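First chain A sits with chain B, and in the next complex the same chain sits with chain C.
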Partner chain A sequence: MRSLRREPALLLALLAVIALVLAFIVYPQVQVVVAPGPGGYVSFLEGGTWTGPLVHSLEVMALSTTTAVLLGFVYAYAMVYSEMRWKPFFRLIGILPLLSPPFVVAAAYVLLFGPRGIITYGVFGQTPIIFGLLGIWGVQTIAFFPFAYQLIADALSRSDARMEQAARNLGAGPWRVFRTVTLPLSRPGLGAAILTTAIYIVEDFGNPQLVGGQFTVLPTQAYNLISGFGEFTSAAAVSTLLLLIALALYVAKIRLDGGRSFVTISGRASSMPRPPVPAALSWACFAGCLLLAGLILMIYGTLLVSAITVLFPINLTPTARHFTFVATGSNADALRNTLVFSGVAALVSAILALFAGWIVQRGDWPGKGILDFLFILPAAIPGIFFGIGYLTAFNQPWLDWVDRGWLIILSMVFWNIPVGYQASVAGLRQIDRSIDEAATSLGASRLRGFWDVIRPMLAGSLRVGLVTTFVRAVTTLSVVIFLFTPATTVATIRIYQLVNDLNWGGATAFTVADITMAILALVVFAALARGRLALGMARG
Partner chain B sequence: MVEAVGSVAVNPAHLRVSHITKRFAGAPAVDDVSFDVPKGSFATLLGPSGCGKTTTLRMIAGFYDPDVGDIEIGGRRVNDLPAHRRGTAMVFQDYALFPHMTVYDNVAYGLRVAGRPRPERDKRVNDTLAFVGLSGMGGRWPNQLSGGQQQRVAVARALVIEPQVLLLDEPLSNLDAKLREQLRVELRILQRRLGMTFVYVTHDQDEALSLSDWIAVMNAGKVEQAGTPWEIYYHPRTAFLADFVGAVNLVPARVQSVTDGGVTVSFGQHRASVHRPVDVSLSTGQEVRLCMRPESFTIAPAGASADGLALSGTIARRAFLGDTMRYWVKVDDREWIVDQPDPGATATLDGPVLLSLRPERVHIIAEQ
Partner chain C sequence: MTPEIDRRTFLKLTGATAVIAACGGAGTTTASPSFSPGASGGVPATPKPTGRISIYSALNDSTNNELFGAFQKATGIGFDMLPLAAAGELQTRITAEKNSPKADIFVGGSSEFHDPLGKQGLLEAYKSPNAKDLKAEFKEANGLWTGWYTGIFGFISNNDRLAKELGGKKPATWDDLLDPAWKGKLILPDPIKTGGGYIFMATQIFRFNRDEAKAMDFMKKLHANIAQYIPTSPGALSLIDQGQFVGCPNWSHDILTEKSKGNPVELNVPSDTGFEVGAVSIVKGAKNFPAAQAFVDWVLTKEAGALNVKLSNRGSTISDVAPAPGAPSLTQVKLVNYDRQWATDNKDRILKLWQQTVGL
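For the complex of A and B:
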């Protein structure tokens, strides 16, 4: 504390950071929570309209998390432990879903399995009802198992290969080692992976909205209340309910892994070779991964084929008309908005997060634990809630002079700030405090030391923040769905609208363009990181 | 308690630490520590890990704030100055070289921060690199250097800004024994040549003894004793000190009589007249401890003639240390450690032996 008083510039910087957190993380969320008021909550709770969506949300969470985690575990185990072939290929396929808006799985699902779906109708001649619980379950399983895979693979690869070598050396077989050494050691990581997957699923908005039909979950109910009925108070209450669930999961997750959030990014640490597994197991893994990778490829293949043919699946004549459609008029504006908003948001978010991580991690003032918590809090806030918060707080007449694009940018900046913040803190943990002190003892103020010495050393963390924030910004729907105006529409919004209009060609072409943007960003940053592959987590 | 530093005590205090206390979570890490360091002297804080020596150094540097007490540098209270305005450069245990800067840029960093013009910077960096024996290495990266070279860069980087006080936090502890000894010599020469005030922290007593003008031995947050290396080694005031600095025989004894020049003590069946310590009062019947260094003894086969105090015993064990042979000799019920220099010059002893030592080599510790 005294050290802050001696360095007014540092104190000012800290106050600025605190002000930003209060204005853009705390204030909007509090606005939503208090919006209904005590009376509003009472009548909302008595009204009972929330019980159905709540039960649905929990149902969907339980079902989808179970299946997504199971499939993700198979994929992760195969990637980390087996000696199957084609690992680089499977790794690449596993990344693809992270670079796309999760709800496009729903779109592909309708094309494949819907009443006129290529498989259901085309192959089997059936017109099944695919909307509802089963639809959401199937779609979320496919959409989120790659996320579960990333999280689980990360947890598994953190287990020390030397322990496993030692257990093998003491005479245990591969299964026994896995059961008695690997699993117990990675249990916190696996638990955190399951909880994180559950958060992604319970706050998923796009998929339930597209295939849920009458089966309403909390995020879709909140959206429908506002967009359909202008029932803002009830929507705030519903999304507060959703927030409570997500927060509970998140707090449990933090207790398991100490808040070492996202899998995200950066080349996975090369570890010591794992003890060999039986050849038959490797082949089983290969078969499993082939199946799952096939599923992913089928989803994205469908989107791609639909984007380049006249009317999928009826008229498969190649055409560029959908892309022409995407590249003209307001659609082109939406694409440009996506690029500009996400780019600016990524830049601002990553730089701010880097500095915030430093000022908090290296701080020695009271209350830094609270600030730390507030910086990772947005990771627990459902996108729909975050969006409503920004809508409530900033969509105000007195802010009319501000371009509404900034609202979207700010929401992206602060909704994603935990990514860059965690990356910064993780990076700083690798840098001994004596480096900061060396700069200080040579005459540099702490801010100057940060700029000259620490900032360049955190280049990797900065890249992680940049690419992940960019990808998440490009692929988010729920955060921006309340914030866009005709002039500030972004790609995910347009995809959503086009799917609702049943303009499949346009929607899929837009999706391809959007994913391409994310892939390009990834490739550019991977190149900047000298070949080290960066992965980004996106969510609905 | 303000200690003056041995031979250079005529100079005024350049660094003054007065009654500083620092608590971490309620427990005192540094507890009312005071000392003065004159300009141009090499002062060392010596102690086991957790004794508060590094905390003290970090308070001088400004990385910690003392809860109580003042720190003055060059006659100016620096408590309220941030670390970067104190004129104290620090050499860290792990060197803390900036890995993304070349050797040149590392050394130039402080000058760059101070806004020194480029020609001056170049000259001073190159002079300092030459001074520490790293001429022509400016273009290297820290990870291309050996541990010893990195250490030299760390020293050069701190020296080049000509700090008022150079703080060194166990700078040699990450090096292997041979290199450590070599750099120890170099550091001492360097300090003498520059006439710069050094405050050095170490847990290594050899380092402290060989480098310092003045040593403060710390234990449990307090300065146990401060003085010249000679005083610390031969006239430790406490048993902890005697034991911490070098190997020692600590023998419980009782004061029989006290005269002006000497004290007669008894231990077991033995009686000895030894020098009276100057600054302690002793009374007849008082329990004391005798402190005798292993190398103060002469060891000879039983039956040899003794000079001064004579003890008959039997060799229990021995260890060949190269430059000395260490014997554990059983005298009555106690094992005594005795070192014999240059073991190659005489036959290895076994069985009954006679230990003898001059009475003035016995030091009395009166604590308890």
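For the complex of A and C:
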């Protein structure tokens, strides 16, 4: 409080952040929450159609979060600690699953692992039942481990090598150091990873829709109420249930990590290398990562083959016609819009997330817990309701002069802010406040201290925000579906159209073009930012 | 296209305007403020509609450009198209946009998606002169929406697997699907999640003369043979294309389209089946009402009907437009007496009954 009174600029910045949150997270979502009205909620709750999907959602959340976070942790450990080879390659693999536009990638799973799948039936002669809980679990583990990996790797790479060296010098073995030093110190990242991954999984719609079959979770129930019957009010009630789950998860996380300190970066610089891990461990990491990479590449390879053949898997004659199709008409505009919207959204979202993380984590004013929760909340809002909220709130006569592209960008900024925000907060928890104080006692304002001193130390967190927002914006369908106009169509909308037409050749070619464009953009960005900034964040 | 057509459209519109002017007191037909500002001078000189319209289209992507291009050629009216082959999303979008409507026309999608918009007062009533010969079941009585195409529920089967595993025997009636030989080989668009799945189930109720107990008994026995209920109708087709499963009740026109792409699948239409009526409607607050009326008139022409049949394999509500090659027509197949209003009004109850019956 005192610092706010002393520094009007800081107070203004805080008020600006609060205003943004109110305008672009709270206000649009309130439109959705109030839509069913009291009567709507009562009849929905009495109807009881939500109990099954609720139980299913919780089951899926528990299973998929566990495996995704475990996998993410192993991957992060391998990337940060081991001396395995091909790290740049694995860095790319670690973001590839984030680049999967809904429907298309999950469809590849069915092609490969379905009852008559190319692998399951073609190679092994098995007809597994992949539809249902098992299928969702498997697909979500692959789809969501990158979130956990990004957040955990950021935390691990910031942990102080000196503590580990000291433990080793005192005679502890590598396993013991890991268990008693590394693991506890990475807890902020781990907590953020579990929370974020769990919320994203419980909100996930695309994967359960395609491999869930009749196993209905809350997001698929909500979506199908709209899609199948145009029943918006019951769907909005389902969305509110999801918000309550997010609130419960958030409270649980706060209670779990309490008020402990995880500071590993104090005032003095550390240039000490990490203690080496046994060669066998590096090789094991390499083998494990290679296996995962193989699986991921197989899925994306299926898309590629489908994009360059006439009618996969029935007619494998090579053809360029799907790509020719992608290059025609308004399709190229859609790709360009995707690039522009996602790029702008990623920059704004990452910087805003970093700053918001700082202003909340370092804040000493009442009510900061509410702001903290509101920055995580968008993760729990199914994209379709985020989009509907924006449309209801901002499609007003007095706002008709605003170009719709801006609305799409804003929705991408705020829908994707939770990961960058979480990374920022987790990072700040590892940085000693004495560093902030050193800056201010040397005469800098707190804002200046943040920008000149703290921001560079949070480069990893900034990268996490940039990369995840960008790839999620590139691949989001559900948010945009209610906001796009003829002039602001994006690639995922076109892909969705083609999927609905069962034009798999066109849809996969579009997906390949979209993903390639996104990767190129990340590479160019990395080059511009001098070094391997954007392509993942683990410093090897 | 030709001056002749232009004149015809012009005459139709003059007539239409007269009709509207005549029943102007009906409440629903109050003209919006933007309604033909040019016409304010003299009543008889309704100008030929010009400008552009904004079309929200739930039609297939492969239909949109060609169909609307033909409209532009025939009338000289330009269009901005918002394509989303998902009528429920478009319906929701139009509802959410009601403070500042962005659409003039909502075209495509079963009438079930247009009807609630009309009831919420979000549609503009318009009785096209071209709709006057349509059967009552193909149009909303006040002109809030008009049916211009039809879709018939049929059955898709994977040729290879049908021949090997079921001796090539396609179902002649829906009851044939209860044969234990189908166990684990059938899928169905989920009645809870898809309009198509629900129409299939309502069809069973009408087939048993609204004896719900009999219909549910059928659905229960069918359930024993069904491997999965699939969340979307096209998604189910895709699984049959790939041979992941053997057969599935689904939309005839989409099945034909899948077959024409070279997929090893076949369509047949079991007797006593159901159908949908694809609708067009004018959104309340349309910025270019005269041009929107011209669009409704145009999709109800024989030319537009025939073009849509060619592009989408669907049928036309106009009786003298021939069906697509290999496609069933409403007059050829044996239909149940499908009561759309009853099916809509009883939907929640029937779905709950079904869930209890099959234990899902």
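One rule holds in what follows: the second predicted complex is superposed on the first by the 320 of 540 C-alpha atoms of A that agree within 3 Å, B and C clash if a C-alpha of one lies under 4 Å from a C-alpha of the other, contacts with A are read in each partner's own complex, and residues count from 1 in each chain.
Keep in mind that, in the parts below, contacts are C-beta pairs under 8 Å (C-beta built on N, C-alpha and C of every residue); 3 or more make two chains touch, one makes a residue touch a chain.
Remember, predicted model here, so these are calculated numbers, not experimental data.
Student: Could you say whether A:A287 touches chain B, chain C, both of them, or neither, answering first, second, both or neither?
Tutor: Neither partner.
Student: Looking only at chain A, is it chain B or chain C that touches more of its residues?
Tutor: Of chain B and chain C, the partner in contact with more residues of chain A is C.
Student: Output check: A:L183 vs chain B and chain C. Expected answer is one of first, second, both, neither. What do you get?
Tutor: In the superposition, A:L183 touches no partner, neither chain B nor chain C.
Student: Using the touch definition from the top, say if A:A327 reaches chain B (first), chain C (second), both or neither.
Tutor: In the superposition, A:A327 contacts neither chain B nor chain C.
Student: Based on the superposed arrangement, let me know which partner A:V123 touches: chain B (first), chain C (second), both, or neither?
Tutor: A:V123: touches no partner chain.
Student: With the two complexes superposed on chain A, say which partner A:A16 touches: chain B (first), chain C (second), both, or neither.
Tutor: Neither: A:A16 stays clear of chain B and chain C.
Student: After lining up the shared chain so the two structures overlap, which partner does A:V251 touch, if you call chain B first and chain C second: first, second, both or neither?
Tutor: neither
Student: For chain A, what residues appear in both contact lists, the one with chain B and the one with chain C?
Tutor: none
Student: Help me check something: in the complex, which residues belonging to chain A touch chain C?
Tutor: Contact set of chain A toward chain C: 47, 49, 52, 107, 110-111, 114-117, 129, 131, 209-210, 212-214, 216, 220, 224, 226-230, 232, 310-311, 313-315, 329, 388, 391-392, 395-397, 399-400, 481-482, 484-486, 493, 496-504.
Student: Mind pulling up the chain A residues that touch chain B in the complex?
Tutor: 2-3, 6-7, 432, 434-435, 437-446, 448-449, 452-453, 456-457
Student: Where on chain B does chain A make contact in their complex?
Tutor: Contact set of chain B toward chain A: 61-63, 65, 80-85, 88-90, 92-94, 96-100, 109-110, 113-114, 157-158, 161, 167.
Student: Name, in rising order, each residue of chain C that touches chain A in their complex.
Tutor: Going through chain C, the ones touching chain A are 54, 60-62, 65, 80-89, 91-93, 95-97, 99-100, 102, 112-113, 116, 190, 192-195, 197-198, 227-232, 234-235, 237-239, 241-245, 254, 257-258, 261-264, 347-348, 352, 355, 360.
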